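Below is one structure, written out as structure tokens, with a few remarks after it.
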Amino acid sequence: MENLIALLVAAPLLGAVVLLCGGRRLDRIGHLLGTVLAAASFVIGAVLFVDMLGKGAEERTFTQHLFSWVPVEGFQADVGFQLDQLSMTFVLLISGVGTLIHIYSIGYMEHDERRRRFFGYLNLFVAAMLLLVIADNYLLLYVGWEGVGLASYLLIGFWQHKPSAATAAKKAFLVNRVGDMGLSIAIMLMFTTFGTFAFGSVLPSATDASEGKLTAIGLMLLLAACGKSAQVPLQSWLGDAMEGPTPVSALIHAATMVTAGVYLIVRSGVIFNAAPDAQTAVTVVGAVTLLFGAIVGCAKDDIKKALAGSTMSQIGYMILAAGLGPIGYVFAIMHLVTHGFFKAGLFLGAGSVMHGMNDEVDMRKYGALRKYMPITFATFGLGYLAIIGFPGLSGFFSKDKIIEAAFAKGGTEGWILGGVALLGAAITAFYMTRVMLMTFFGEKRWENDADGNQPHPHESPRSMTIPMIVLAFGSVFAGGIFGVGDRFLKWLEPVTGHAEGDSPVSAMTVTAATMVVLVIGVGIAWAVYGRRPVPAVAPRGSLLTRAARRDLLQDDFNHVVLVRGGEHLTRSLVYVDHTLVDGVVNGTAASVGGLSGRLRKLQNGYARTYAVSMFGGAAIIIAATLLMRAV
Amino acid sequence: MNPVNYLYLASLLFTIGAAGVLIRRNAIVVFMCVELMLNACNLAFVAFSRMHGNLDGQIIAFFTMVVAAAEVVVGLAIIVSLFRARHSASVDDASLMKL
Amino acid sequence: MSAASVHSLWTMGADSTAKIPTPHIEYAQLSPVLIVLGAACLGVLVEAFVPRKGRYYAQVFLAVVALVASFAAIVALAAGGYGSTKAHIAAMGAVAVDGPALFLQGTILLASLVSIFTFAERRLDPEAHGNRVDSFAAQAASVPGSESEQSAVKAGFTTTEVFPLALFAVGGMLVFPAANDLLTLFIALEVFSLPLYLLCAVARRKRLMSQEAAVKYFLLGAFSSAFLLFGIALLYGYAGSVSYAKIAAVVEGSVSTIDPALADTMGNDALLLIGAAMILAGLLFKVGAVPFHMWTPDVYQGAPTPVTGFMAAATKVAAFGALLRLLYVVLPGLRWDWRPVMWAVAIVTMLGGAIVAITQTDIKRLLAYSSIAHAGFILAGVIATTPDGVSAVLFYLGGYSFVTIGAFAVVTLVRDAGGEATHLSKWAGLGRRSPLVAAVFAIFLLAFAGIPLTSGFAGKFAVFKAAAEGGAGPLVVVGVLSSAVAAFFYIRVIVLMFFSEPKADGPTVAVPSPLTMTTIGVGVAVTLVLGVAPQYFLDLANQASVFVR
Amino acid sequence: MSFPLLTATAALPAVGAIATAAVPAARRTAAKWLALLVSLGTLVLGAIQLVRFEPGGARYQLTESHAWIADFGVRYELGVDGIGVALIALTALLMPFVILAGWHDADPLETHNSRWRPTQGFFALILAVEAMVILSFEATDVFLFYILFEAMLIPMYFLIGGFGDRAHAGGDEAAATQRSYAAVKFLLYNLVGGLIMLAAVIGLYVVAGTFSLSEIAAARANGSLDMATNTERLLFLGFFFAFAVKAPLWPLHTWLPNAMGEATAPVAVLITAVVDKVGTFAMLRFCLQLFPEASKWATPVILVLALISIVYGALLAVGQRDIKRLIAYASISHFGFIILGIFAMTTQGQSGATLYMVNHGISTAALMLVAGFLISRRGSRLISDYGGVQKVAPVLAGTFLIGGLATLSLPGLAPFVSEFLVLVGVFSAYPVVGIIATVGIVLAALYVLVLYQRTMTGPVKESVRGMPDLKVRELAVVVPLIALLVFLGVYPKPLTEIINPAVQHTMSDVQKHDPKPQVEAVK
């Protein structure tokens, strides 16, 4: 049974290889093949899941060792898998949502002549992501980690003819590389500390290591997480990543890949537990991003960018939770899963809307779409309710728990974090309501697109709507299924461990508070966007709004400091290399040449000059010999 | 009389000859200066021969003269042909090749 | 001078007449020299009596036979153990017959043999009035461009005298490294110098330059030999003898024959030091070491190219032979005085030659400067003052001489309307026109540059190794640096030949007769053999590295 | 006397070179095929070496030893350790692809006259280089190695200067001058290095009295050879300088961009993937083994220089406008990693460095050759002349991307393994250095992706419209290389098993031990 684990990765990987190397002859069936293989790994996952449920909590960790990867003296890197409850959760999420999005893409990418390749990339992503979550050591995890980075690069830049897409892809990869730097340094630190980097040997012995080292490792892991999960300060790529096809945004930049950071931190929980400072750093990053993303989400008129901001903010919640330690791990993952459902659903909805609107993304050019695409409206609406944490829907359970946990952290820290979390909830409610209103309610504000053809919105084909419906179900019930009776808690506890914090405020109060802020947020949004018509062109807006529209200016910062600075640096270095490093050498050669030129002038053709030099030479030699003797 | 004086004289002659080689332009004269240097050597040889009381020096002197004669033969041939070609026996005019 | 003293001189002479022993000459051991000189005299007779049509062939035949025979004699002597065990001093102490002498004489003979082939080459220039012409003037005596010259050309005269002259020169060179007293040294020097002066003057093309070269060479040569002679005189005055053995004995202080009258007036060793220095100056001139090098470029450029090759190779061998013998046999006791000086000379020679060569534009001048640089390298070996040093120098000379002759032989092939096209710009794109010739020349250049797998590298390595072992490490470093500089201009020529497009009015490459082909072929063969499998020759050099005293 | 496998491996291409050169002018294609066959034959011999070599066995295996120049204490001594055998395999492996890729690079132009036979010369020279490189990997006699180290410059020199890249902005004239400048620069840089090494070689002889590695090692062992500290350091510097030029290490690197820029892509591969490896190989084989103490003494400086190379090379790569020069600077950065690994003096570092030599060879070959195909299509090396190629020639773009990803050492492709090993090895000995070196990862991504974006993506440029995709011959070159990259990325075990013992030996030469993992904090 355990030997099936490898197949989880193998199936989609096979798909990727076949589709990418297969050539045009696969164009017709390519998308089906890809979908089938993605589904296959979901099935395998399900089978393993069932098998796992059948076992007791303690033997629920499956392992499979394939071969020794890099056997070098004192350095053992193996290709081996470890499938425990945590990994299993991810496996199901990834392969499940992944399959749905494959199906969705069949319709969405119908008219793209490079659809085969698209599915190849999707499969590649699924394979890499699965590898990431079932690897049994950090180095192999790193492979998956970069693998998803590559897939994300390829998919963001899928429409390479658009320079913006290519640039966005490059940006994403580079920013992620910065994070990867952190991961690799973390691995090196583990190697020098523990002499290995396999989960099995690092995590148990983590507590032996000095706190200083653990903090260092933790911070490096955090850096990695920031890169992959678009957390401040490495969040800048996520917004641009929306250049990619919408299914990609749904799968990679909402449901799965961006949550890899959370996985990494929760997986390395033991290390963080022993390194409080690192944990604090994590919570701070989470909290900041939470607000950052939310604020950005409020200002964007591009529906996908707005959702991207929300994603950032939601992952902020997860990171925050993960930073809280044992009291938060489970809820981080729980929110991650529920978020996977409703955010994927929302994105697919957005995609469906764009599909009907000639790929128009500006919400100010939407409006009143609920009549035209009812299914989309319904599913999107459910996702909306879920994310703002409407009681009973999945978002409610997971987010609520995180806020509780934040308070439970205790002390001023707890108050601050809890407050931030609450505030975030309010803002979430505001911007999601805003999106909802601008898109589906109000007057219709459509315009002819660039090619001048009138958009006539219509419901998307079944291949697209079905996944949306399924996800909508997920976003409605997942929370309940997990939350009620702490099922999810019990399921994960053996891996992550769990602790009850001593919350200064009771759970009920927190829930109540959440409800209040929720209402406030929705209310404000209604006041602004619901009561009066939405202007088709964005008003200038307050300073904050304008800043938020520009991702709070941090992109400009990057541009000025990093891009420009880098350009200047390289240009000056090229100059230095040419003039200085090379110049020295050429200079030497030139000077020797000059010397030669001057010396040869002595050879002036006059025999008497030659005689002089001989005579002088003889004289010098005589003098020298005598001197030698004299001294 | 101190035999060293002969040596001084020889050196003097040698230096005069050398100086002539360095300053005179006419190839013939230069050549004569070289001959003068050779003769300076001869003087030295003879003087030393006398000093050491063996005949080697004197014999060498004869050899030197023969060699000098041979040099004259070769040298004049070359110089004369040069002179006929250029109508000038100045060593400074003979400077086609330089640098 | 008083009458008495005159009389005493007479009587002294008179008494000594009875003591004059009948000289005892080992003709067998001197046979190499005698054969060559004899052949040279025969050559003169040939000039006198053989009709003009036949002379060329007679002379070539005579010269070749003589050289081969002489070489055979050398081999016989070496086989007879005269190189090692039976090495001794022949001809009443005048000539040494020992390893270095035989090795160098062998080298000189082989070098001369192959250069004689280039002397005899008659296919390069177009036939003038139905007569094959070589690279020598039809009638050296006739004024350039005069009617007499034209008529001489019409009549098909050729300067076949060059062969006896060359033979005389060879004869002198054979004696030079073997000379065992200063007189013989001087005579040998003159014997090979005078013919060379003449040979320089008899080029067929560019006669004015040729004559100018001859004049410069002659005057400066005479000048230097005057120095040499005066040095000899001083040493004689110091030691009371010109025989190496005796002088060495005096220098080491075992015997003291210095005249008391001199001793009290000038420092005991002043004569010795000055004399030695002047003799060194004379020899360094022949070697072409800085600052006695300035004749080299002009003479190399002006002289007929075959002669240049011959000079560059054979003269260097002979001169270094003499230098070695002088320093190792006569002046070892003076080592601490001359070594620093030679250090300085070697350094300036290596650097000077290499640096100045960079900006040369004439291939022959370029090679001249390269020969100067090489003289510096060889000096580094000379300074080692160990048997290794000697063998290294011998080996180097062996390899170097063939590369040089080969290189100059190739130069004779590249011709345009004005004879040899020696200006570098003319050589552009030669590799495209005739890859083979260019490739051969490239091999020679690489050998000069000391690239591994050529004789140049083996020789350089041997010399530097000896120097390093002799405690001259810094010299090795300088040598290495200067060979880096030198590499630059050899490479420049290769670039020119292979990487630059051929000029429209570029020179043509003449197809030579088997004679020159042999020369070049031998050159290439020796270069590669000594580069790849030098062991045998190194052994030879090692066995030959001991001077008889 | 068993079959002299090592000699044969080097002799086959040598003979092949002569044979190829002798092919008459008219039969150009025959020469090509002959060269290809010879290179394949060599590959077979290299494979046999790989098989015959026992990882557990003696340090040097398949040894041969014959008297050569007794007077210089030189013997013709061959033997391979794991490092050597791996690099020989790499060389033998790359050659067929190089030849195949350069199939038309040396076809004569109309301007050439009939006597000029570039094609024969081109392939003969390539084979000659192969022979010398292989022999230099096999030589266990310092002198023999030195001779080859120097001699291989000559054919390389002619390859660079004689058969330059025909795609040149400034037209043929400029091309010719640029090319000969590059060739001369290449030769002089390396010659100077070699000559300085020559002085050291002679010095070594004076000190040790022999050139045989084994004898020197023995003498060292029984204490009969103990160099004075300063002597050892001077000699080390002499050797290292030459290798640093060849490798090349900052600031001795400036010859590489010119050479790689002007040479045809296959020759550029020859330079960076094969010939330069001799330099890094020699650092491992000679510097560390002959002068362990001096090596340790010099380590700090060398590490700094290597770091500079990594960052500096990468930054300059970003700044390049010329595709091939960009790849050249990338190589400089990679050589920095290799040298870093060698002088970290940890097992991981040195295994990584050795592995890196092989992987870098393959990855650069892949990238550079594809770039060459691209350039040959458009006739320009300027990045700005391309754009949107991905649309017209997807396969070319795809392979180019994979080559690039290998160059930025993406996990799953071969270079990642070696780069990570190097980093770990360095980090465990010198944490700060290791951390700085990781910056190279980001920069690598930068220059590769910028290159890819500018050339392959974006709207299709007029100039590349209708550009043909890879032909069969070209695919035959690229596909195996990529397959190899993937294989070695996933399963490098076969290589590491061969390399490890050799590295152990080197480690014992320098008497270094890996720092033990320490759980408690570093004081």
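Worth a mention:
Going by the order they are written in, the chains are A, B, C and D; count residues from 1 in each one.
To be clear about the criterion, contacts are C-beta pairs under 8 Å (C-beta built on N, C-alpha and C of every residue); 3 or more make two chains touch, one makes a residue touch a chain.
As the structure is a computational prediction, the values presented were derived from the model and not from experiment.
The greatest centre-to-centre gap from subunit C, using C-alpha centroids, is found for A.
Ranked by how close its C-alpha mean sits to the mean of all protein C-alpha atoms, the top chain is D. Chain pair with the larger contact count among A-B and A-C is A-C, by C-beta pairs in contact. Subunit A and subunit B, compared by their mean Cα positions, are separated by 97 Å.
Centre-to-centre separation of subunit B and subunit D, using mean CA positions: 65 Å. The mean-CA centres of subunit A and subunit C are about 81 angstrom from one another, to the nearest whole unit.
Annotation: 23 Å between the Cα-based centres of subunit B and subunit C.
Shared contact sites, meaning residues of subunit B that touch two or more other chains, fall at 18, 21, 30, 91, 94-98.
Multi-chain contact residues of subunit C, defined as those touching 2 or more other chains: 215-216, 219, 223, 297-298, 488.
Within subunit D, the positions touching two or more other chains are listed as 188.
Interchain contacts (touch definition given at top) occur between A-B, A-C, A-D, B-C, C-D. Residues of subunit C that touch subunit B in their complex: 1, 9, 12-13, 16, 140-141, 143-144, 183, 186-187, 190, 194, 197-198, 201, 207-209, 211-216, 218-219, 222-223, 226, 229-230, 232-234, 236-237, 240-242, 257, 259, 261-262, 265-266, 297-298, 301-302, 365. For subunit C in complex with subunit A, the touching residues are 215-216, 219-220, 223-224, 227, 267, 269-270, 273-274, 276-278, 280-281, 284-285, 290-292, 294-295, 297-298, 336-338, 340-341, 344-345, 352, 355-360, 485, 488. Remark: subunit D residues 67-72, 111-113, 115-117, 146-148, 150-151, 153-154, 157-158, 161-162, 176, 179-180, 183-184, 187-188, 191-192, 195-196, 198-199, 202-203, 205-206 touch subunit C in the complex.
Taken together, the subunit A residues at the contact with subunit B in this complex read 600-601, 603-608, 611-612, 615. For subunit A in complex with subunit C, the residues that touch the partner chain are 589, 592-593, 595-597, 599-600, 602-603, 605, 607, 609-611, 613-614, 616-618, 620-622, 624-626, 628-629.
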